[in-house]
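Each of the next two complexes has chain A plus one other chain: chain B in the first, chain C in the second.
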Partner chain A sequence: MTNRDHPTPQEGPNGANGHSEGRDRRLTEEEFERYSRQMIVPGVGREGQLRLIYSRVLIIGAGGLGCPAAQYVAGAGVGTIGIIDGDVVEISNLHRQVGHATSRLGMKKVGSLIAHLRDINPLPTYVPYTVPITPSNAADIISNYDLVMDCTDNPATRYLISDICVLLCKPLVSAASVQKSGQLIVLNCPPTPQGRIDGKYAPCYRCCFKKPPPPSSMVSCGEAGIVGPVVGLMGVAQAGEAIKILISSLHLPPSTPPSSTPPPDTENQNLIQPTLLIYTYDLSSGIGPYSFRALKMSPRKKTCFACGEDSPSRLTLEGIKSGTPNYEQFCSLPTPKHNLPAEERITASAYNEKRQKGEIGAHVLIDTREKEHFSFGSIDGAVNVPFGRLLMKAAEIKRGGGDGKGVLPEGVDGKSESEDVPIFVVCRRGLDSQEAVEKLKELGVDKGGKRRIMDIVGGMKAWKEEVDPSFPFV
Partner chain B sequence: MTTPRPPKGHFNVLYFASAGSFTSKNVEALPAPLPLSKLFETLEERYKGIKESVLDNSLVTVNLTYVNMPEGEDDEANGDEPVIIQEGDEVAIIPPVSSG
Partner chain C sequence: MADVATGPQIPISVDFSGGLEMLFSNQKRHALSIAANDRDGKPLTIAFLIDHLCKNLMKDPRSDLFVLDGHIRPGILVLINDADWELEGEEEYEIKPGDNILFVSTLHGG
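== the complex of A and B ==
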């Protein structure tokens, strides 16, 4: 292990950097035994195994996807495996990030995962990158590899990685997962030079998802939660795709031969139907106990910003390095801002104080967190109205043209004695509650201003920080 | 798959990831036929705000195949024929997922 920022994989003892010499060699006795069970599978053989041994794979992200992906990539004997991640192992990672361990809490994830991988297979060269991937280091790192696996956790990085892979002609095996669903897609494979649109070529990430979702709708595993096997399955599937690509040499760019020989992809025998795999795991079994869907995707889009017509004029390696496009900005564009006027807001500590002193009196306290969050604990007397349900009810009422009656559960609203008592709204971190206040007013629950509806600033997070440090906030 | 068959004269819409959280549904049946170009409008009527926060960045499939959402430039550029969603079709709304 090294702690330099940019180790290069060329240092590997197995000579994985070259493209030809020594590639057609005998397997060592250990290799033969270690890989025998996969080599005898039709389509792999000694040749396929040697291709794996002489391949270099970069795994970006050593978390819920990266851990299972890396285990199988390492086990299969890929010769050089680079792993990038800037984070350290936390206890809340361990239910799904199977490459880490309780004994390695606090350690850099990259080091922890490599320790685990060496235990599985000491033969590959492992290249640690303990910094996050950024526009300034991405191309330098990625250029050392044959194939990239996107195991990251945010949209800005996903667009960055895809763009670099387009520019450097690297296939990208991309997966993502949150809560109860996962996605997997092989992009840019076989790789085709940027801007070529004279045939059907593999799509990039931007061909599939042109625009990032608004940040307000993006939830992380930390916020929405994640079921271990769901993300694990996607990571394992990613490894499967990567191994397949390397064994069939699909990662090799069509270039190099002199211009007289047409690149193989123009003959079309190489264009593989791009497929997006969707896995939905439903705890409530509304749609079925489990479901996979394989969706046929379109080839490269002529209008794609990164790989379509004239794309070389918009997207270059130099540009990315110097900050164009700006990925952070691209992914944090217009988010509906909530800025309720001060008189409609109260801090968690002020609410608590006034409540203790009896200055607030009879009121309704609505907690808009999801019921799972609510189940761990709530402020005394709070009524749970999950935000999603509230929005849906609100939309229903709007469609039906009714008034705000029924938007809040019975017993909270509509009882004559509680009709005009003020309503306080609290959520997890203070955003949904503001929108909820606005919605309730829109629906006339505030009786044209006669009934006060207040937002508790900063949600239950603030409550924990300001009022009750022992509150079980997730 | 145990998705219920859509009733006569309807098609199914499947809501994945954040589309499912926004609508609080996994699947629902809508009246067919419906031009694909009217799909977002129809959903926006039912779920105010869904277009901006979910649909505009989702990909859409009809019968397991990606379709270009008619937006103007894209479809003209790609020379796509207007798509009509038919009775019994299965439409899926697939927002990008980023976490991992």
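== the complex of A and C ==
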């Protein structure tokens, strides 16, 4: 059981722990032909290729970043490739997760991606981990590799991976992407022992991103959407950085320079000058001078929790395994929750039922989703007032000292103000709608309680689950 | 240099990226001209600029997505001429004519 959960990659072509023994060998005929186009690139050569063949790379996440990253890492001939992901392939993954296929829907992502990679290159040893990475398994898995690629999708995991990489002295190639933006940074490269602050060293994830954003400000690809080539570009760039680091042995501590061809100075300088690459994609304009930006980041920080001064007293492998620090808690700082009283809420099914029976009568139904979401379908008679626009309008009215008149679009409300028909608010999953109800009340739209304003619990997601299973919910 | 009658003004550009542009009229780059000194005659710092942006440029009322407890919220990087503001003195950095200030929100998806 444990063997299946944590396979060890040491059975690979690198032999036991894969250090130096037999590394200076002839390439096989297949290797020679397969890798010839990259080997003739200046700076790669037979030596660089052998370094790749005897390297072990761990790709954490087999999604939008991990798929394109893995394709190039496998194609280049990295000898041992570990892939971790607990998810299964869904059809909504396929526009960007190019390592999966329609024929493999429902399969574990790790198995699906490895099938694709074997087709590209059968020579590497592929090591599957079909469980998510956690504080209890992270160090055992990562310790088997030379370089880690963070292709995950949440901050708690990103902090965990970085901390382990600091403790185990592994370079980390980290990327992220949502909607129309992407980011890439190489961290902890060359790796420096935790706590050393007597010089200028490479930063870790915490040096660059000290605190996670509040959960309320975070959006996932599932909520905000993602353009395939944007995340793809970041994944491909990650592979490029990883291959470069391994070929040039840039990940080795500076005290033990590679036996021959030391990396040129410029590359060394770039390592010490950590850089965050950001890619901004604009649907309404062409590629421009600011589509790509290379931002100069700070080196290792003396005050960093994970790698700074006295950090060994705060962060240890044993501590992480036993739950300290608590990554989930660190990344889910309290945010204002909206909990409307029960009398201001109605379930999607109850709303539908009462509406069918005519018990609700004339009313206004406001749908606060973004217009792209609304365009796929809505409840009959719903009026789209995107949440951001509603808040902006409300703030404008508040500043101007006006009343709630006009907060809702003309023609929806206000025409027959005297009627005071109830208002129902629905959103995507049931959070924004509660805030919208509160905002409308604040503006006096409820006329001091005379007019009912109700939240539809659970939003359109609940509507799909409880009322209309064919509803195109995104 | 912008000639504005109200006194010495500094021309700068302010960029928003990683989704923050949503809070600023969906516009990624703003060319601004702001007073070189604050009310007390002190030079213009990033701290002052952030406050100015909240009060004058942000149309969206969700200012807590940009500023929390009087400081830039966690998860937003501030770059002064493409360098991390921590290399430049953070909030105390004194803005110079022609500076580019970039606010990027950290991404986590993948």
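We take it that the second predicted complex is superposed on the first by the 422 of 474 C-alpha atoms of A that agree within 3 Å, B and C clash if a C-alpha of one lies under 4 Å from a C-alpha of the other, contacts with A are read in each partner's own complex, and residues count from 1 in each chain.
Rule of thumb we're sticking to: a residue touches a chain if its C-beta (ideal position, glycine included) is under 8 Å from a C-beta of that chain, and two chains touch if they have at least 3 such contacts.
Since this is a predicted model, take the numbers as computed values, not measurements.
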item	value
Joint occupancy of chain A by chain B and chain C, clash or fit	clash
First, second, both or neither for A:L65, with chain B first and chain C second	both
First (chain B), second (chain C), both or neither touched by A:T152	both
Which of chain B and chain C A:K302 touches, first, second, both or neither	first
Chain B versus chain C as contact partner of A:S143, first or second or both or neither	neither
Contacts of A:N384 with chain B and chain C, given as first, second, both or neither	neither
Which of chain B and chain C A:S291 touches, first, second, both or neither	first
Which of chain B and chain C A:T134 touches, first, second, both or neither	neither
Common ground on chain A, meaning residues reached by chain C in one complex and by chain B in the other	61, 63-66, 151-155, 158, 175-179, 181-183, 208-214, 216-221, 224, 226, 231, 234, 276, 278, 280, 282, 293-298, 301, 388, 391-392, 394-395
Residue ranges of chain A touching chain C (in the complex, touch as defined)	61, 63-66, 150-155, 158, 175-179, 181-183, 208-214, 216-221, 224, 226, 231, 234, 276, 278, 280, 282, 290, 293-298, 301, 388, 391-392, 394-395
Interfacial residue positions of chain C with respect to chain A in the complex	15, 17-19, 22, 28-29, 59-62, 65, 68, 73-77, 79, 82-84, 86-87, 102, 104-110
Residue numbers on chain A that touch chain B, as the complex places them	61, 63-66, 151-155, 158, 175-179, 181-183, 208-214, 216-221, 224, 226, 231, 234-235, 276, 278, 280, 282, 286-289, 291, 293-298, 301-303, 388-389, 391-392, 394-395, 398-399
Footprint of chain A on chain B - complex, ascending	1-3, 14, 16-18, 20-27, 45-49, 52-54, 56-57, 59, 61, 64-66, 68, 73-74, 77-78, 92, 94-100
